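Please read the structure below before turning to the comments.
So that you can tell them apart, the chains are marked A, B, C and D in the order they are listed, and the count of residues begins at 1 in each.
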Amino acid sequence: MGKDIKRVVRKDISKINLSVNIAGILMKNPVMVASGTFGYGEEYAKYIDLNKLGAIVVKGLSLTPREGNPPPRIVETSAGMLNSIGLQNIGIDSFVNDKLPFLEKFDTKVIVNFFGDSIDEYCEVAKKVDSVSGIHGLEMNISCPNKKEGWLEFGTNPDLAFRVVNAVRKNTRLPLIVKLSPNVTDITVIAKAASDAGADAISLINTLSGMVIDIKTRKPKLANIIGGLSGPAIKPVALKMVWQVAKTIKLPIIGVGGIMTYEDAIEFMIAGASAVQIGTANFIDPASSEKIIDGLKLYCGQNSIKDINEIAGSIAI
Amino acid sequence: MGKDIKRVVRKDISKINLSVNIAGILMKNPVMVASGTFGYGEEYAKYIDLNKLGAIVVKGLSLTPREGNPPPRIVETSAGMLNSIGLQNIGIDSFVNDKLPFLEKFDTKVIVNFFGDSIDEYCEVAKKVDSVSGIHGLEMNISCPNKKEGWLEFGTNPDLAFRVVNAVRKNTRLPLIVKLSPNVTDITVIAKAASDAGADAISLINTLSGMVIDIKTRKPKLANIIGGLSGPAIKPVALKMVWQVAKTIKLPIIGVGGIMTYEDAIEFMIAGASAVQIGTANFIDPASSEKIIDGLKLYCGQNSIKDINEIAGSIAI
Amino acid sequence: MRAIILENKIIGNSSLLKTRRDKYYKMRFSCDNFSVASPGQFVMIRVNNSYDPFLRRPMSIYRIPHHPTLKKGGRGGFEILYQVVGKGTNIMSELKKGDEIDVLGPLGRGFWIPEKIERAIIVAGGIGVAPMVALTEEIRCTMQDARCKITVFIGGKTKNDILCKENFKKIGAKVHIATEDGSMGKKGTSVDLFKTFITDSQSSIFNRQSSIIFACGPQRMLKAVADIARDKNMDCQVSLDKRMACGTGACLGCVVKVRSLEFGVRNSNPQSAIRNPQSYKCVCTDGPVFDAEEINL
Amino acid sequence: MRAIILENKIIGNSSLLKTRRDKYYKMRFSCDNFSVASPGQFVMIRVNNSYDPFLRRPMSIYRIPHHPTLKKGGRGGFEILYQVVGKGTNIMSELKKGDEIDVLGPLGRGFWIPEKIERAIIVAGGIGVAPMVALTEEIRCTMQDARCKITVFIGGKTKNDILCKENFKKIGAKVHIATEDGSMGKKGTSVDLFKTFITDSQSSIFNRQSSIIFACGPQRMLKAVADIARDKNMDCQVSLDKRMACGTGACLGCVVKVRSLEFGVRNSNPQSAIRNPQSYKCVCTDGPVFDAEEINL
């Protein structure tokens, strides 16, 4: 890539606008790091300049700390991995007290990914951070089961999705991104429910449900039996869902799922995403997001695109 | 593998029972080739001894010939591929007249995969082949949209699934396998509907919906925009669904999705499959299915398993 | 089928380029039971055992040792010529002499050489020359008596993209070259050369009825050549390049639209015309070589 | 971080085996800015650029050139010792001198060597010796005055699985060997040897208070060693081996359960005790080396 970049005159590149406004969150570029794949930021501070990122979405937080699932929690698959971390986290208070101060030192947007076992818990978390400075947006992970109502996942039922998003909406003035689960028959129905309930943006996709078995022990390779599939393996599925949802609703869309290179990121933007999140790629190369930002610039330069926002939804069909 | 096999005494291996009875279809081993990946059998006759296969599931057939989708129809993805063949086929009559005679020469089971745009069309196809000798079973592909009732996919709605399976059931005495689409919120609901409607076995999964975009032209890489994802990329998803369905219903299950090696096949059997189908692997190595059969024997020998049926559903949790 | 690599080397001038990309390589294999293949046929190469890249890569057979007197148990072999354009070909370029790889083939239907042909015109763009060397050798072999004249038009972006010039000359073909930047031969494309040739020489130099055109290259080039051929009422065979998964006719992934029937199937290989009555044909088994009149380019 | 391979060769007797699988290799790297690492730390290696295999492979640092007086702009380096067990290590075994690969590290917290230790007991099973050579060298370096005695117990399936014997001897350690088939040393495991040693010599030969145990190997072996250490009230550090995705503490994939508090955290690295108050710790950042009392083996 280094060589290609040189072909484009440097001063042209510097004029290109990469900044995007997602639901009121003004990011210097459309590249965010995905929840659960970048810790609370400090884990990667040594490998990458956090100032370069459009936004950091922190590991999913709940009202109180969670222990998470027993190990083994991860297993490699073909062009991907399964995880069953089980949403281990330090709780929203510890985050605000112990982790946020570090993140505030950087010139990037901080987005709090959060979840709950009940509508009340979702609302409590939202309320807690509503007026915390240094938090620029919320991302609701609705792939969690509703403990109160029979463990049905919020994200797989449009009514439940509407209710939980609507309740949170009433409890926060922060930009509210809703992150969807791909494990549904029709993602546009859930996206519409979230949109109707007052979401400011939609991010998709979370992981696909999957499983691996050890044929020696005949046990699942994850203690939790089932885990979430991420990585390049799921990219075509994520891209299709982004395209479908972009056709259906008006909200800005954040594309996630298997993005490893800037070419992948461009595909998501062409399909209709206004921004992208880099997840598992961080594990493979901590500098992925930085390289993707450089690549976006390169692509714009080579294709005479002055503003990255021109790409979003520019699919030719 | 060659070396490993030798470690197991040959005569032990020859005593192992590999035969399985799936819904009355007695197969010499649990390895079938999946619909759409093995043509009508003759395409691979030169590369593999068809007599060795448990069964051949032929390319999906409809009442009349179908042209299929315009090209490009395939695109490679990470550890997988997308296809949008669009169910091109020669029609059930041509199959019976022109292709079946060739298949009858071999000592393997012939299973007709079929589909329709309406319940009537499904039934017509089933009726046509009900008394054709040389056809040992039917596999209904219910991932098709119902033309009459607003293009809703049969396989994504339990009521529709029940109705179409039930109607076909009344029109055939052949063993009836129902093949499920993975693009649903809860596959067990659809599996239960098919079971209640009189299916004799369930095969899963068909392909996951996906998409790829060419960032130079900004066009989808498939003329049909969307295609079906197959190959190792989807294996964890398929395995999880097999496990879920095996827990839920009593019918024999046929596992499909990303099986490339005998180890993969064993995983599916441990999860609950009584037989497996080899799909995309045929493209990568036409001898895949044969190698997998040899591998199953090897595994049984090494693990002192006398009958392959012992493995099905033997997951240790 | 296991094939052992006997040679894998850069050819042409492109070795001046800094990156591997766009370089051209020749790879020579030794391979059991690979002794009969016809020009225009191809193989599907599995570049390694990983699932990424996943599919096999189709590659035309560039040269087949012409029916060497194989000893019993002897090995056949073949050569390919390839351009590094992506993941798979990049991995191929790293393979070394002695490495083993998995090859499926020979596959497909190659060119068919009509009897009593007095002139063969070959039009090749870029890496499209790959199957044309074997074809030219075959024409020379089978048509020796007829003293068939062979005229070859090769086009490429720059002089670095002009391959096999010497091979053709050695066989006794007349070679015309065009490059887009004019760095070798005429400035332009092989189609430009071909068009000029046809136009200039149509009445005087040769008999169109006993001539035939063979073309391989980008889709657009093939279309242009086919259009000229139709216009001049000449026979034309084209070798198509489509994405493939199986290479055996099983997946129906590589299809090309058949021309609607009113156009007729002039001079088509009769076998192929019967085999597939549908409106799509498989490039991997019905082709990759088609009569230009048979298909929709 | 790009690292250049300086050497990648089979070690030990396992070269007698027919397949690559289960062979042991040593790989030596040259690498910018890699000059400071401590024994027990590891690197994450990306074996190639493909997505299959997908994740990086964790590998202990086997040897670090001891603080070479690096010239300005000079390069550091390190060595690893690995066993071919699957896809990733198989690809590694095919790498050649001069190849470049991507390495992340040094990562994690290694062994910590308490002051005033008179005896270090090292127990290693199989490839678990890998980090122990660097550790022994470090002990020798830092403890020279104390004349710390080092006793090493190495276990393996057969004599082919006994590695680094000579390295330890060279450093002046006393080496005891056990193999499961008795083909070298005592028949049994390194734990057996260690147990006998502790039992025989407990009162007479050494002072348990000023001794420390370092162990690396399969989980079951570590548990056995830790149980004995607890029983004898001795300090024990273990290096754990868990599946990892990020290696940086971000994914929370590699966790190990912390022992419930009533057991206390005797002699634990104080830093670690404060850092993670939860009931799971990350092996990649809180470890891979833990005080055996800290975690649930």
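Everything that follows uses one rule, which is that contacts are C-beta pairs under 8 Å (C-beta built on N, C-alpha and C of every residue); 3 or more make two chains touch, one makes a residue touch a chain.
If you're wondering where the values come from, they're calculated on a predicted model, not measured in any experiment.
Chains A-B form the pair with the most C-beta pairs in contact.
In terms of the distance between Cα centroids, subunit C is separated most widely from D.
The distance from the centre of subunit B to the centre of subunit D, with each centre set as the mean of the Cα atoms, comes to 47 Å.
Annotation: 36 Å between the Cα-based centres of subunit B and subunit C.
For subunit B, the set of residues that touch two or more other chains comprises 77-80, 231-233. In subunit C, the residues that reach two or more other chains under the touch definition are 51-53. Chain-to-chain contact here is organised exhaustively, every possible pair of chains being in touch.
The touching residues of subunit B, when paired with subunit A in their complex, are 77-80, 82, 156, 183-186, 208-213, 215, 217-220, 225-227, 229, 231-237, 239-240, 243, 258, 263, 266-267, 270-271, 299, 314-317. Chain contact summary for the complex, subunit B toward subunit D: residues 3, 78-79, 232. For subunit C in complex with subunit D, the touching residues are 50-53. For subunit C in complex with subunit A, the touching residues are 18-19, 51-52. Note for the complex: subunit A touches subunit D at residues 36-39, 43-44, 47, 59, 65, 67-68, 70-81, 83, 85, 88, 90, 231-233, 260, 280, 282-286.
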